[in-house]
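Structures incoming, each one as structure tokens.
Common to both upcoming complexes is chain A, partnered first by chain B, then by chain C.
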Partner chain A sequence: MTAGAFIVAGALAGLAAGVAGAGAPIRRRVTVAAVLVWVACALEAAAAIRVLSTGHPIVLHFAELLPLTGVDLVLTPLGAFFVLLVAMVAVPATLHGIGYAPHGLDSRMAACAVPIFVTVLLLVPAAGSVATFMVLWELMALASLSLVLVDHGRREAARSAGTWYAVITHVGAALILVAFLILAAHSDGQSFAALRLGARHLAPDVRALVFVLALVGFGSKAGVVPFHVWLPKAHPEAPSPVSALMSGAMVALGVYGIVLVGDVVLGGGPVWWWLVVLALGAASALFGSLHAASSTDMKRLLAYSTTDNVGLALLALGASGLFDATRHPLLAALGLVAALVLLLNHAAFKGALFLSAGSVQTAAGTRDLDQLGGLLRRMPQTGAFFLVAAAAICALPPLNGFIGEWLLFQSLLHGADIGSTAGEIAIPLAVAAMALTAGLTVVAFVKAAGIGFLGRPRSEGADAAVEVPATMRMGVGLLVGVCIVIGVVPTLILPAVERAVRTALPGVGPLSLAHGVNLQLAGLRGVLEPAALAAAMVIAVAGVMGLRRVLARRPAPRVAEAWGCGRELQTARMQYTATSFAEPVQRVFDDVLRPVQDLDVSHVAESRYFVESVTFRNAVDDGIERGLYRPVIGVVRRWGRAARQLQPGSVHRYLAYGLGALVLVLVALAVIG
Partner chain B sequence: MSLRATLQALWRARRVTEALPISEISFSGPRELVGSLQLRHVDAGSCNGCELEIASAFGPVYDAECFGARLVASPRHADGVLVTGPVTQNMVVPLVKTVEATPNPRVVIAVGDCARDCGVFRGGYGVVGAVGDVVPVDVSIPGCPPDPTAIIEALRSITRR
Partner chain C sequence: MSTVFHLTGVAVASGVQVVAIAAGGPVLVGAMRKVRCRLEGRIGPPILQPLRDIRKLFRKERIRPDQSTWIFPLAPVVLVATVAVAAAITPLVTTEPALGSSSDLFALVYLLLVGSTLLALAGMDAGTAFGGMGSSRAVTIGALAEPALLVTILALSFTAHSSNLPAIVRATLADPGSLATPQRLFALGALLIVIVAESGRLPVDNPATHLELTMIHEAMILEYAGPDLALVTVGEAMRLTLLLGIFVNLVVPWGMSTSTNVVGIAVGLVALAAKVAAVGVALAIFEVCSAKVRLFRLPELLAGAFVLALLGVVSGLVVR
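What follows is the complex of A and B.
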């Protein structure tokens, strides 16, 4: 079988999964669809691995599938990397989905849309022409939109989230389309290879316009500030396996789009383009991590953290472009490697976190951190997986997050003198932004893990929670396993990443980051020995535990009540909550977050010295949504209301409109002609 | 000691009381607490007379800290509990919980006559009993209120310094 056949067979298996999901009886449909999705993922991953190992792209053309243009599939090493990323999230997510199914994923629509969504995600990076890309891109948006709306009958929030997502993603798609149309108008054909040739002769202004349009369009899909507002709405409302796919895989394809247009098609650009990317990345990272630190809804927190992680990837991408523009190919390649590794890591740990948030939601009936607690004892495996994934996202060694941030820091720190004044100012600022982001991420995930899983349960639902079915645990466990493996032996993936990077930056010589099991930066100073680091940590922890056991001569511990200042009544409400944990951060960043706080105290009628009830409300809403989107929505709404007056329901007036329009056109024709 | 003598002693920047030689103080605590005694104070219903004397004992004039005793903010940090007053109804549970929250080996020190035998409050409607009726007491300090020197002597009987 040729490599191209793998792609076709994978796509067919994905479609068959969709059909099976829609057709099979309710008890088996999700399982059957999931198994077929795994087949699809395996076939596409096989093709991707083939491309990454040989370095030769697979080119397919089906003239009959799409009228006028046909379907072009070109799987480059860069695309193959993203296919592997999607497959890595899709298999655990659908496995988790089998257990999750009774909680809203077993309707015909959902069971059909999930496989279609996965199949399209697998094919988008393989699209080789504008028409194919836009069709797949739109299918991806529609499939995910229908999954966000799965719960629309019961939840008003799902309908609102669907509207936000639909509008933003379609405006983004329109901008992408305009960018591609401009390119295609100056090219001989509409395949990306033709666009690349055509883009060489474009005027700098046009190139800049194309880049900015694509940046905004793909940025809206990637959840970059200020186009991120749909993320914290849509991710919490979608079923958790879908959230994992959207956050882990779909958002990464937004960044793929920016690399595709910026590096592959346009072949890089002037410094200011990349400074914009760098600034957007830094803003996203800071804004996302800050809101994650102050969110109390577990999935909303994870959604903001997605913005944060995409921001870091854009930071790496911007730095890479900056180095490319100032002719530092080695650093540029390192930056792009960092961006891709960051995206892969994000897919692994954020997928695991979203899936375990789904497990928690099904077990405890809520995802509000202020209602959770004590889950580690009730759901030991889910809890342990969540803790490992949270440690990974905080970039603690020996997990994968550390590798990604190490690469990013190395590329930024080595870029201190690149011969561009603006760049030399921007790079240290980026390092500072990254450092603050790392700290805020730790706050967010200490809160998520500590408040959610430790302590005592804060609600009856959390108290009654039991461990979820094995499929859900295995789904999370697979992704946590990926986090650990990449963290300990990153050299497994680095050759593939380097090959992917060479598609985008063809002029780069071999980086050869992998030296046995160690990382070494060729031509730069910087060595990391992750396996040795992991071994040292394991030995240190085991040694301390062993020494403690040998040396301790203490009497047997006495179990006593937690110290509550001697109060007679001790309840779970006396614990730290997510809100109170975030309060200091919220106070420090008061000017940015602008929380809405309300304190109502009512007194008994007889005396003002006696309080009847105290009501306190504290909400942190999105400042960008309030400041940027609400006014626009208000204007649109006013226009809509004004336009409504044109349609009073009178047939006579409608006929008059028709006549008037005809006369106007005739007059216009007479004047022009 | 007269005010004048106290002020003179302060002016000369040394302790007001000259400590008894340690050999004259009987030993009355667990071996582990010798040298350092961290205390959590519980007011179980005192008139605050004993509190003034305790504050004075730990102040610069009498300076109990130089004998190894120190007041801390939580029983989790403490080796012992310093209890004053008769135990009132509202303070029974907090007192028991505070003693329970103090890690072993620990001492319970009843300061003042009220803590020993309810003093003038004996038979009061809100009084449950003396400290010894609620938790086991290791050291008692008589007096209404006890002199700071008496408090320090009792503490030194545990710290041996």
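What follows is the complex of A and C.
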């Protein structure tokens, strides 16, 4: 079987999964579809691994499949990296989906849409021409939209989220299409290779226009500030396996699009392009992490954290472009490696976190952190997995998040004196933004893990929670395993990442980051020995545990009630809640978050000295949604209302419109002709 | 054969560093307490009192709150273990510690973050009001200190073109003039503020207080007792000593052994003890003269540290 046949067979398996999902009886449909999806993922991953190991792209053309243009599939090493990323999330997500199915994934529509969504996600990075890319891109948007709307009958919030997502994603797609059309108009053909040749001779401002259009279009899919507003609405409303796919895989494809247009097709650009990318990345990272730190809904928190992580990847991408524009190819490659590793890590830990949030929701009946608590005792495996994934996203060694942040920091550190004034001002600020983001991420995830899984349960649902079925736990466990493996032996993936980077930056020589199990920056001074560090940590923990056992006179602990300031009875209401945990951060960043707070104290009728009840409400809504989108929506509403007056229902008026239009056309013709 | 010798030497040197930090930490805390007491006109407990307290705590019973999970007993162990690993790979006594090539300032920061993050989680494990309060405050301060910390690392790594700590120290030894450059001075000023914040000393947190509204660190570890409390105490003392050790070796790297022979290690150990003691005493004197800053005034202090660090980076680029 040739490599191309793998891609075709994978796509067919994915379609078969969709058919099975729509056709099979309700008991079996999700399982059968999931198994076929795994086959599809395995076949596409095999093709991707082949491309990454040989470095030669797979080129396929089907003239009959799409009228006028045909379908072009070109799987480059860069695309292959993203195919592997999608497969890495899709297999655990569908496995988790088998257990999750009774909670909204076993309808015919959902069981059909999930496999189609995964198949399209697998194929988008393989698209080789504008027509193919746009068809797949739109299919991806529609499949995910239908999955966001799965619960539309029961919840108003799902309908609203669907509208937001549909509008933003389609405006984005329109901008991407315009960018591609401009390029295609100046090229001989519509394949990306032809576009690349045509783009060489474009005027600088046309190139800049194309880049900005693509940046906004793909940025809206990637959830970059200020186009992120759909994320905190759509991710919480979608079923959790779908959230994991959307956040881990689909959002990463938005960044893929920016790399595709900026680096592959346009071949890099002036410094200011990349400063814009850098600024967008830094703003997204800060805004996302700040809102994640103050969110109390577990999935909303994760959605904001997606904006944060994509922001970090864009920060790395912007730095990479900056180094490329100032002729530092080695640093540019390192920055892009960091961006890709950050995306891969994000897919692993955010996938695991979304899936475990789904497990929590099915077990406790809520995802509101203020209603959770004590879940680690009730759901030991899900809880442990969540804790490890949270540690990974906080960039704690020896997990994968740390490797990504180390690479990003090293690329910024070595690029601090690149000889471009704007760049030299931007880099320290980028480091500061990255650092504050990292700190706020710790706040967000200590809160999510501590409030959600530790302490006493804050509601009856959380108290009654029991461990979820094995498929759900295995799905999360797979992704957590990836987090640990990449964290300890990152050299397993780095050669593939370097190959992928060379598609985007062809001028770069071998980077060879991997030295055995160690990381070494070629030509730069930076070494990391993650495996040795992990071993040292394990040995030290074992050693200290042994020491405690030896030194302590009475090793087995006695269980006692926690100290309650003299009170005998501790209740769940005495604990800190997610809101109170985030209060210091909220107070420090008051000017950015603008929380809405209400304090209502009612007194006993007889005396004002006695309080009857205290009501406190604290809400943090999205400042960008409030300040940017609401006014626009208001204007559109007013226009709509004004346009309504044109339609009073009078036939005479409509006839007059017809006459007027006819006269106008005739006049216009007379003037032109 | 020589590689075996070398490896043994490196291992011994790192072991000495860990033991020095573990044993020296409580002594440093005791010495700082003594200085404070004397300046306040009290006699104060003996310098070795913290060591005696730890021995006493190890003899006591282990107690676990009824709602707690495996996080609670694990956190103190991980705290001590990560500080010990950091102490082993940092150039303190010798410029050639084990895993020295990984002794990246960035990696060290995140290694130390493992212990403090787990301790913050453990604070919430018992399900009490104080634990959550302490954790919330501790992670907030950590988040605000982070930008200053990483930009400081950026400024410090200009001389050696690397964030590798042994490389920075070696570059400083080779070119002592780099110490007097504005970027180094600004960066070290910022680093000192961050160290004070990260190790919970005045004016950020008062380690001696148990007044509920002002507690940060003490609130977080309120439920610990016996051997677990001993580990937390040791871990925190080790952390303070390690951070001060890194600081003094960035300010005055002399005295460190550039090899791993016995004499060099002995000299390095004495030099480290003297330097850390000097900074510790200075810090204690400063603590006597300062009051605890209100929690919500802390961002200003840490923003000041950040500005210092940024000035360091900018002056590094200008002076170049």
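As a working rule, the second predicted complex is superposed on the first by the 663 of 673 C-alpha atoms of A that agree within 3 Å, B and C clash if a C-alpha of one lies under 4 Å from a C-alpha of the other, contacts with A are read in each partner's own complex, and residues count from 1 in each chain.
Here is the rule we use: a residue touches a chain if its C-beta (ideal position, glycine included) is under 8 Å from a C-beta of that chain, and two chains touch if they have at least 3 such contacts.
The structure presented is a predicted model; accordingly, all values stated were derived computationally and were not measured.
Enquirer: Which holds for A:Leu376: it touches chain B only (first), chain C only (second), both, or neither?
Expert: second
Enquirer: Scan A:Glu561 for contacts with chain B and chain C and give back first, second, both or neither.
Expert: In the superposed model, A:Glu561 contacts both chain B and chain C.
Enquirer: Once the structures are superposed on A, label A:His414 by its partner contacts, choosing first (chain B), second (chain C), both or neither.
Expert: It touches chain C, and chain B stays clear.
Enquirer: In the overlay, work out which of chain B or chain C sits against more residues of chain A.
Expert: C
Enquirer: With the two complexes superposed on chain A, say which partner A:Ala391 touches: chain B (first), chain C (second), both, or neither.
Expert: second
Enquirer: Do chain B and chain C land on any of the same chain A residues, and which?
Expert: The answer is residues 555, 558, 560-561, 563-564 of chain A.
Enquirer: Can you check the complex and tell me which residues of chain B touch chain A?
Expert: 42, 74-76, 93-95, 97-98, 100-101, 103-104
Enquirer: Give every residue of chain C touching chain A within the complex, in rising order.
Expert: Within the complex, chain C touches chain A at residues 58-69, 71, 73, 77-78, 80-82, 84-85, 88-89, 99, 101-102, 104, 106-107, 110-111, 113-114, 117, 120-121, 123-129, 131-133, 135-137, 139-140, 142-147, 149-151, 153-154, 157-158, 160-164, 167, 222-223, 226-228, 230-231, 295-296, 299, 306, 310, 313-314, 317, 320.
Enquirer: Help me check something: in the complex, which residues belonging to chain A touch chain B?
Expert: The touching residues are 555, 558, 560-561, 563-568.
Enquirer: Contact residues on chain A for chain C in the complex?
Expert: 293, 373-374, 376-377, 383, 387, 391, 394-397, 402, 405-406, 409-410, 412-414, 416-417, 424, 428, 431-436, 438-440, 442-443, 446-447, 449-451, 454-456, 524-529, 532-533, 536-537, 540-541, 543-545, 548, 551-564, 570, 572, 574-576, 580-585, 587-588
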